[in-house]
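Have a look at this one before I ask anything.
Order as written gives the chain letters A, B, C and D; numbering starts at 1 within each chain.
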Amino acid sequence: MDFEQSEHVNVLTERVRRFMQQEVYPAEKLYYEQEHTAADRWTWQPVLRELRAKAKSQGLWIFPLPKEVGGHGLSLLEYAPLAEAMSTSPIGAETFNCYTGTIWYAQLIHQHATPAAREQYLPRLLKECEITLVLARTDPEAPRHARHSIIIVPRHAKGLTVEGYDTIFGYDHAPYGHARLRFENVRVPAENLLGREGEGFTLMQGGIGVGRVALGMGSLGAAERGLYEMCKWGDERVISGQKLAERQVFADAVARSRMEINQFRACIMRTAWLIQKHGMKAARSEVAQCKVLAPNMALAVLDRAIQFLGGVGVSHERPLAEMYAYQRTVRIGEGADEVHRDLIARLELAQQRQARGTPPQG
Amino acid sequence: MDFEQSEHVNVLTERVRRFMQQEVYPAEKLYYEQEHTAADRWTWQPVLRELRAKAKSQGLWIFPLPKEVGGHGLSLLEYAPLAEAMSTSPIGAETFNCYTGTIWYAQLIHQHATPAAREQYLPRLLKECEITLVLARTDPEAPRHARHSIIIVPRHAKGLTVEGYDTIFGYDHAPYGHARLRFENVRVPAENLLGREGEGFTLMQGGIGVGRVALGMGSLGAAERGLYEMCKWGDERVISGQKLAERQVFADAVARSRMEINQFRACIMRTAWLIQKHGMKAARSEVAQCKVLAPNMALAVLDRAIQFLGGVGVSHERPLAEMYAYQRTVRIGEGADEVHRDLIARLELAQQRQARGTPPQG
Amino acid sequence: MDFEQSEHVNVLTERVRRFMQQEVYPAEKLYYEQEHTAADRWTWQPVLRELRAKAKSQGLWIFPLPKEVGGHGLSLLEYAPLAEAMSTSPIGAETFNCYTGTIWYAQLIHQHATPAAREQYLPRLLKECEITLVLARTDPEAPRHARHSIIIVPRHAKGLTVEGYDTIFGYDHAPYGHARLRFENVRVPAENLLGREGEGFTLMQGGIGVGRVALGMGSLGAAERGLYEMCKWGDERVISGQKLAERQVFADAVARSRMEINQFRACIMRTAWLIQKHGMKAARSEVAQCKVLAPNMALAVLDRAIQFLGGVGVSHERPLAEMYAYQRTVRIGEGADEVHRDLIARLELAQQRQARGTPPQG
Amino acid sequence: MDFEQSEHVNVLTERVRRFMQQEVYPAEKLYYEQEHTAADRWTWQPVLRELRAKAKSQGLWIFPLPKEVGGHGLSLLEYAPLAEAMSTSPIGAETFNCYTGTIWYAQLIHQHATPAAREQYLPRLLKECEITLVLARTDPEAPRHARHSIIIVPRHAKGLTVEGYDTIFGYDHAPYGHARLRFENVRVPAENLLGREGEGFTLMQGGIGVGRVALGMGSLGAAERGLYEMCKWGDERVISGQKLAERQVFADAVARSRMEINQFRACIMRTAWLIQKHGMKAARSEVAQCKVLAPNMALAVLDRAIQFLGGVGVSHERPLAEMYAYQRTVRIGEGADEVHRDLIARLELAQQRQARGTPPQG
């Protein structure tokens, strides 16, 4: 057993962490202001463009993608601590062009697009976010898992319109957000198909493990940011002549947060290792466990941070409330907590039956 | 990173698990009856003596001790899964002669006793549990950490009497229990001193990491037993024509238990690795975290198991209530939760200050 | 709306409270010792006999029973605060001869026994606890709610033997306990029947509301005792030069306990009023709510008290662990939490449908 | 003891409830749309103006204010159930012109303004919300509680500008919101003073009990709305052929919500009675308890509702997320949970000392 990362990964992680604290955190407020006064909120605001240029110039860029397209070719386990570090700010992933959707789409295109489509669209995805992938039902009559195909569609394709954006706790999470799209006679060349027709579901499935780990690291980053802000505030804030950091109720909240964070990190790193070594199927229960644990852990920590920062905590002075709102949706999206707990229970009961030597049940 | 044990350890673990389910679990009820009708409750009852003989004959014995004294010489990380497996029964550790106190005392004697004392007392400790170690204040005037010495004292030494046993939730936890001892002019030879005079505190400290990991594995074992009994019951019990295992409220409890158990196991294994690789000092916060997390995790799982087993759960038909009562004391002994959370918070605040570049605080 | 008790009840409550603190609490330890060294543990120990004599001589006796049999004729709402006050000690109810079973049986006999049986058995129940009531299936072929009858059976009737006592968390709760009784050709006169044959179920049902309120007041009493011991300990205990009562983590636990206690008391008093004014059927959901809330509230408070009192808290130096063990069984007995929550949910969904004007559902 | 409202209040409550479900709930979505597309978001949108006109025409208007100004003259206890009913929608209180601030200001003006100011400003407050009350420090040198005065200031007074609005979880809560106001040489006539100079603090204090009860009823209303939406959704939503309402995990959440709501309602009604009968000072601890319990109870219920409604729950399709965000701020505003728990603990420890006969402590 060994819980250590390679020196190479440790150095990268440390560089990302420093970039976050020195460049990204101080830019958050300006970003918020630009975003709320922008003519077009659904694009990267200037300060984010600058951050991206700076990160790219330092080689801190699309870490999990292969070196030939400008990344570092990191494995899931190697990328995990970097994903966590950049998730400590709502604009962190975009800074290093590592938004989960972007990375996933890029991997799909890199592995499954025709050479021509890859050459045309991969740079457009990575530079300008100008394309999207559509999971379309292409054969309703096919067997259940062969009905869908993934197709590359340019964002500005004729017939593709945004009907509106849903808010979540009052946030629209621009510039990504939760858009309702309308496709009317949108036409793209046949070569925009990824893999083979009907392979869409399979291709999507292949990314679930990676996506769930990324999501979990996101929750860890959010929680660490909460703890960071809480500790900083505790050192700065004086109540009745006593520093908040010296108050026991505060210290108690710090300790609980650290325990919950560390416990979950050990758990998800083991899960990432399991996926990488034994495959997604062997890790089904663990992946579902992390899906449930991640946001609940982050929400608990962020809630404490919000409580101690008070009015500042719920405002846009800190990204805590925004992070809280986002983490709250994670408990719902891609299968609610209840659905995953149900799966975990069924797998557990089956596993226990087998260990007891009880024949499997209907 | 690698989360896998060696094949050798996996085989040993599997053997212990099978022995537990096939030999130990079925013997629990008989043990309980022998123990409650015994003339002398403060000794091993016959059924336990048989279990010990059987385990020893199969070489399942004092795993962490060196091979030259009959053990397997397992490291902390290697021993951990075995400790967990045997903790799934209140009489498990004694079966394999791996009661934490026994192992710890044996290691102290093996490493720090004079050759003569080692030869005389180590077999008596391992075979008949006939000796105890006393941490005595030998020099009240010495510097704070040099006041104590550890001395080997035979259980039946003249002047050593048991004044009584404390109960915990009605249990006296015979044959170990919580005794109040009285020492009156007890005399032992000078060679019964472990290490040097005044070294007692240091020797004790050296075992804390190992002790805490053992305690954590104990909580894991108790929790796994709770989950095992709960799943078994769920499969056997039918309510209004529906198996309990199919009810969602039950499944929900199973899933929560599995998540909490797995999360904590990943956490304590990482902590064990940290102690083994970087030493106790580097792992101070993690050790304190595990000390708090372990019993709270086990109590949550056992409480659910007790609830679903109902009247059976609180009775001596299953070891669940006894395990619950014991785990409850773990939240109090060797530093209450509150004390450890306080330490965790102080270490966290200091670490955050350093990471922020803030000068350390008074 | 008016939340006040009559002056008469307030005076009685205050007298009981004072008796508890001055006479009963100081006697607990002696009682424990007598009970654990007694030849016969299944009878009242001397110290309890003395307490009973003293309470009776002061007229603090069987409060809810009619004046003609020596009680005060208090209504459910009036009795509630007295029941709470005497529940702050495990030997409180027996002191005032108000053990719930005793009161309930006495009411059944008083209202439903033949005059001869009443005259013969009521005094034997109230003085020597020499009889028991048996709910026997007297006609297995009758309609579902008419199969049972209640019969008075003397404790020492020929053919009635105690097979054993179940323990709960190691406690046997002598002298009442959880006995397994064996009836072999036990014969009693026909006049020992309460009410009519087949009326047993109906008679039992009639006592549920009152029984549940008594049980809830018992949980309140246990919780108040926990808070009392916690506050006392906090004032006496000094840690690193600071009184425990001044530590925030302690104060936080005190505040949470007070909130939970007060909230539940308001809730159960309203429920008692509802039963008394509108009958058990109108209060079905509320009664189920109290059944679930009561022990969970008490367990939360007692757990905090145990934690702060540490080793003393889990021992027999205080009644906290014993109370905890008992309250834990309340979550299981007479319908587990899950069963009652299910009922509450069904009543709620039906009520909401009606309020929405939705037709009732299958 | 009597927990029943008068027939008069029950009728009024029922009328408000019906108005809420028939008129207000269906208007919420339109209100949201008008509000988000309005040129001026900081005024009542058309649909709310219509609701207000309708409510006023039915006499459902400013219930706690005296009849001579158009209200019903309800006492605190009588108003409580109406306040709860109208709090089931974010636009409910405004509909009946019972926004807590409005009511409080109106009571202050009615009781403490000069006749001329009352005649001029009370109608302007009640009809157009055109004025505000400013608590200004008028004598920094005076004793601590005599430094402030309350002054009526028209919203459009010269020199009074809105610098901006704070968001809370992304919401600005227009048209009331959390404004940062700037006063520059704002001048008003001397008769705009309420009561006497320096009496501001005292006047504010007088309203705390009432304000806290209103706030608590607001939390109850929000929670009841959450439960209402959850139950409705459970009846409409079918998952794998089974209605959500029939699933145990859902039913469990319904039952827990009902218990928490009912328990808190009993508690706050008792507190309202305590304030009304014995005054604010006697109810200090209870008021603080309700301040802490109210939002935590509502957040727990709303969180469950949001979870089951999923994407709909976090969106503006229902007011759940908005209510959640608002209730979250209640845990922070007017004294954070921690501050109130601290007060409750100190009062409890003092009360226990007195009951034990221990002399009061430094």
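In the analysis below, a residue touches a chain if its C-beta (ideal position, glycine included) is under 8 Å from a C-beta of that chain, and two chains touch if they have at least 3 such contacts.
Computed from a predicted model, the values in this text were never measured in an experiment.
Quick check for the class: compute each chain's Cα centroid; which one is farthest from the centroid of chain A?
Farthest chain from chain A, going by C-alpha centroids: C.
If you tally the C-beta contacts for B-D and for A-B, which one comes out higher?
Top pair by contacting C-beta pairs is A-B.
State, to the nearest whole Å, the distance from the C-alpha centre of chain B to the C-alpha centre of chain D.
From the centre of chain B to the centre of chain D is 53 Å.
Just give me the whole-number Å value for how far the CA centre of chain A lies from that of chain D.
Between these chains, centre-to-centre, one finds 38 Å.
Find the geometric centre of each of chain A and chain B from their Cα atoms only, then give the gap between the two centres in Å, rounded to an integer.
A distance of 39 Å separates the two centres.
Multi-chain contacts in chain C: which residues touch at least two other chains?
248-249, 252, 338
Draw the chains as points, connect those that touch, then say whether the picture is a line, ring, star, complete or other.
Looks like everything touches everything, fully connected.
Please give the residue numbers of chain B that touch chain A in the complex, ascending.
These residues of chain B touch chain A: 1-5, 21, 77, 227-228, 231-232, 234-235, 245, 248, 250-252, 254-256, 258-259, 262-264, 266-267, 269-270, 273-274, 277, 285-286, 289, 292-293, 338, 340-342, 344-346, 348-349, 352-353, 356, 358, 361.
Okay, in this complex, where on chain B does chain D touch?
Result: residues 247-249, 252 of chain B touch chain D.
Residue numbers of chain A touching chain D in their complex, please.
166-171, 249, 306-307, 310-311, 313-316, 321-322, 324-325, 328-329, 331-333, 336-338
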